[in-house]
Amino acid sequence: MSAGKEAARAAILARVRASLGRGPGEAARPDELARRLAGGRPNLIPARSRVGAEERLALFVRMAEEVAASTVRCASPDEVPGAVGAFLAGHNLPSELVMAPEVEGYPWHAAPTLTLRKGRASKDDLTGLTGAFAGIAETGTLMMVAGPKSPTTLNFLPDNHVVLLPTGRIFGAYEEAWAELRRQSPRRPPTTVNFITGPSRTADIEQTMQLGAHGPRRLHIILVGPDAPPGEAPPGEEG
Amino acid sequence: MMISKAPIRVGLFVTCLVDLFRPSVGLAAVKLLEDAGCVVEAPLRQTCCGQPAYNSGDRRDAKAIARQVIDLFEGYDYVVVPSGSCGGMLHEHYPRLFADEPAMARRAEGLSARTFELVAFLTDKLGLERVDARFEGAVAYHDSCSCLRELKVRDQPRRLLSTVEGLTLAELANPEICCGFGGAFCVKYPEISTRMVDEKIEDIRASGARTLLAADLGCLMNIAGRLHREGDRIEVRHVAEVLAGMTDAPPIGGR
Amino acid sequence: MERTSHAFKESAVRALQDATLQMALGNMRVGFVGKRQKARERLPEFERLCDLARDIKDHTLKHLDFYLEAFEARVKAQDGEVHWCRTPAEARQVILEICQRVEARTVTKGKSMIAEEIALNEFLEANGIEPVETDLGEYIIQLAHEPPSHIIAPAIHKTREQVSDLFFEHHRQYGKTRRLDETRALVDEARQVLRPKYVAADVGITGANFLVAETGSVVIVTNEGNSDLTRTLPKVHIVTASIEKLVPNVEDVWTILRLLARSATGQELSTYTTFASGPRQEGELDGPGEFHVVLLDNGRSDVLGTEFQDILRCIRCAACINHCPVYRAVGGHAYGWVYSGPMGAVLTPMLIGIEEAGHLPNASTFCGRCEAVCPMRIPLPRMMRHWREREFEGGHSPPTFRRGIKLWAWLARHPRLYGPVMALAIGLMARLAGRRRRFRVLPLAGGWTGSRDFPAPEGQRFMAMWRARRAARGGP
């Protein structure tokens, strides 16, 4: 850091401390602050999502559809390729998809008509296909975690976004899903975590809601269960 | 019910607007309180609650006036105010004004705890459920911002009004929106104020009411003034006049 | 950005007479208020969450130095950079240096009030870098060369027809020669025009809704997804944020996020809530190569510990603006700078001075609706009054007004004089008004009688009647 920037930093911190009536390093009760900084303790989780697994799934579906996402259930991974094909056919979409490497384990060979490309999205891709780290029933929200097998561009660039979500991955509240993320990634948070609630929208012209502002116009969630696909652990018991 | 007990001594803080512009409201307040069994006194040296100074940023004068009010009204069981904004001043803001003077702050807290808006006092403290009054026609009640949000007075006047014989209550479409009075605001920013009162008047007309009531003379003078300028014949009165059955005086600003 | 807050009164009058603007503002009457109310009713825990959110922010502000340093350490550990900037000039310079180092020619931008506060677009343009606003509302007003008029709906003052004209004029260069009327078609065209810009941009600049000390994350909330494309596609992601955006941990963020969208648009949650925690890591297929957080103070540190500290809890949801009758009458531009409505009336004097922005905290009836709907429980009217106090004490309020208040206060403090003087005045007024009982004109009261009749006093003081009654009953 240059001398000028170091000076700005020092000046701002000094001014903050002076206004708060404290000297440097004089933070009150450091233990308490350290505990707070570590996180992990939810403040208040609304009662809405404090329900059993079956109701939680129903709540997820209801809330997601309320914000204009579409959902469909597949009893097992074997049905997924057909469900993807049905979505594309239902909207007259070409059968080319760009796919996140994380979902290559599904039995795609069962649907030879689908053309799947693995990788990040480019601006000409019409349909993206991804998994999801979790679903959050409270608001029908998808939690997408960036990584080598789950590029972020797939969530935003294509016009249509198809998401494969194992039903065993539906949590009640955001905090519970984040706790699971902390367990899996204790050293640092992933580069990018997107919480997605319905397709992209804007009301910037005369307060009239339009879908598909810059992100996807369609968000299609395929709920896969009861069996979770390999490598995906079901969420822990919630309190 | 109250015969066996010592009667409640009420100090009436009549407010400067009622004192100077509409003494009828003061008389109506006295009648309502006495009918409910209170002994009413109005300290003669009262003037104003200090709001004009307070809301203009003149904290020093506001404090001096507040001190005077606290001195005058300290001895009563309750202080009753026929206005939400002046009531709010005593109830909400006096303690805050003296935050840096512990002794005065305690006195201000004491006054605050004993201060009530007139209608809320009748219903909430005295348990009044009905009034013995008659008023013909459709009436709309305008919630002043201070009654609604500072003192949480909303249902009380409606409850009592519904017991007035001959009266039907009409609701305004947007009861939570300010009428645009705002003290000095209405003369400092008259164009904005006028737009706001026009929207209020639109709601009043749409309600079908022939009379508009409220608990704050500031709002009432603003609304009456605009109605008259627009040539409208809707009459404007303080809610206490109707509840007390004292509607012989011409409405605010005349007919 | 040009400052016209001192001319609020004149701008407000113009705004009231502007039929197109009034039509555009009419659209907000139906939307925001009812939707917020419904969302609030649907969440029984709403009010408790507000209390918690207030406490979270109060705690953070009380230990802001600790959390700022913790956040910085986290960002650095995750290969990002934090740039501390005292002033808008320092922030602009930092951003320019980054852009120049990577030889940026175009920059995409997500909505950022801090970028507005530091007037970033003009500065980048002056230095040969093209900023492209990607939020649809921001894009519209960028085409119109106007500042935003609302913190979450920057183009709320524009009608569809005006947007249609703007697109017709500016999209010709992209081969779009048809004039569009439908909102759907306008949105689609903006999408088509902006798509290649996202891909071509060298740097993406976004704002931040929260900075999380625990994780070194920047939380970015949008409905359009534009900020995510702005972050993900270019080589460099720069975040502009002010120091009070800090929140201790992820759970704290979620408590406040449950209030943000509900208070803003009445949504349960905005479409996209993104936790951005550094540049692309090894093996990842996309994401920015560099991650910079530009932390702006711009006078906020001075506000800590003062009677204005509570405004630093503000999360820019705009509930106060959406419920403000003054804003609804005149729109956002009249406020003359970046922020408008009640939060602007408190924040603007803090950032550009009470001498420039004195009108803003005065142009309020203290109706209190802003405070009632503020999810962070910010006592906005109280703080507007504090500004009036500073103005009055500093001698900045208009002299005739000061004299009037002083005279009234003096009289009110001298009851023996007040009584007879007032009795004389109201007696005279009542006689002058006669049976009409009101005035069409009144000397020195033009502010009132310009648009309203002035109701005449009944003629006698209540206190005089009371004295007479007491005497008749043999009282003291």
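A, B and C label the chains in the order they appear, each numbered from 1.
The rule is short, and it goes like this: a residue touches a chain if its C-beta (ideal position, glycine included) is under 8 Å from a C-beta of that chain, and two chains touch if they have at least 3 such contacts.
Worth saying up front: this structure is predicted, and the values here are computed from it rather than measured.
Asker: Please classify the inter-chain touch graph. Allowed labels: line, ring, star, complete, other.
Answerer: line
Asker: By the contact definition above, name the pair with the higher C-beta contact count: B-C or A-C.
Answerer: Top pair by contacting C-beta pairs is A-C.
Asker: Centre to centre, by mean C-alpha position, how many angstrom separate chain A and chain B?
Answerer: 53
Asker: Report the inter-chain centroid distance for chain B and chain C in whole angstrom, where each centroid is the mean of the CA atoms.
Answerer: Distance between chain centres: 32 Å.
Asker: Using CA atom averages as chain centres, what separation in Å is found between chain A and chain C?
Answerer: Computed value for the inter-centroid distance: 30 Å.
Asker: Which residues, counting only chain C, touch chain B once they are in their complex?
Answerer: Contact set of chain C toward chain B: 9, 12-13, 16, 325-326, 329-330, 362-369, 371-372, 382, 385, 387-393, 397, 401-402, 405-406, 408-413, 415, 418, 422, 426, 435-438, 440, 445, 447-448, 450-458, 460-463, 465-467.
Asker: For the complex, which residues does chain A have touching chain C?
Answerer: The contact residues of chain A facing chain C are 5, 8-9, 11-13, 15-17, 19-22, 24, 27-28, 33, 36-44, 46-48, 63, 67, 119-120, 123, 138-139, 141, 146-148, 151-153, 155-157, 173-175, 178, 188-208, 210, 212-216.
Asker: Give the list of chain C residues in touch with chain A in this complex.
Answerer: Within the complex, chain C contacts chain A at residues 24, 27-28, 30-31, 43-45, 48-49, 52, 56, 59, 62-70, 77-78, 83-86, 90, 94, 134-137, 140, 153-156, 158-160, 163, 183-184, 186-188, 190-191, 194-196, 198-199, 213-217, 223-226, 228-229, 231-233, 243, 248-252, 254-255, 257-258, 265, 267-281, 283-287, 295, 297, 301-306.
Asker: Residues of chain B touching chain C in their complex?
Answerer: Touch residues, chain B against chain C: 14, 16, 18-27, 42, 44-48, 50, 52-59, 61-62, 64-65, 68, 96, 145-146, 149-150, 176-178, 180-197, 199, 221-222, 224-226, 228-229, 249-250, 252-255.
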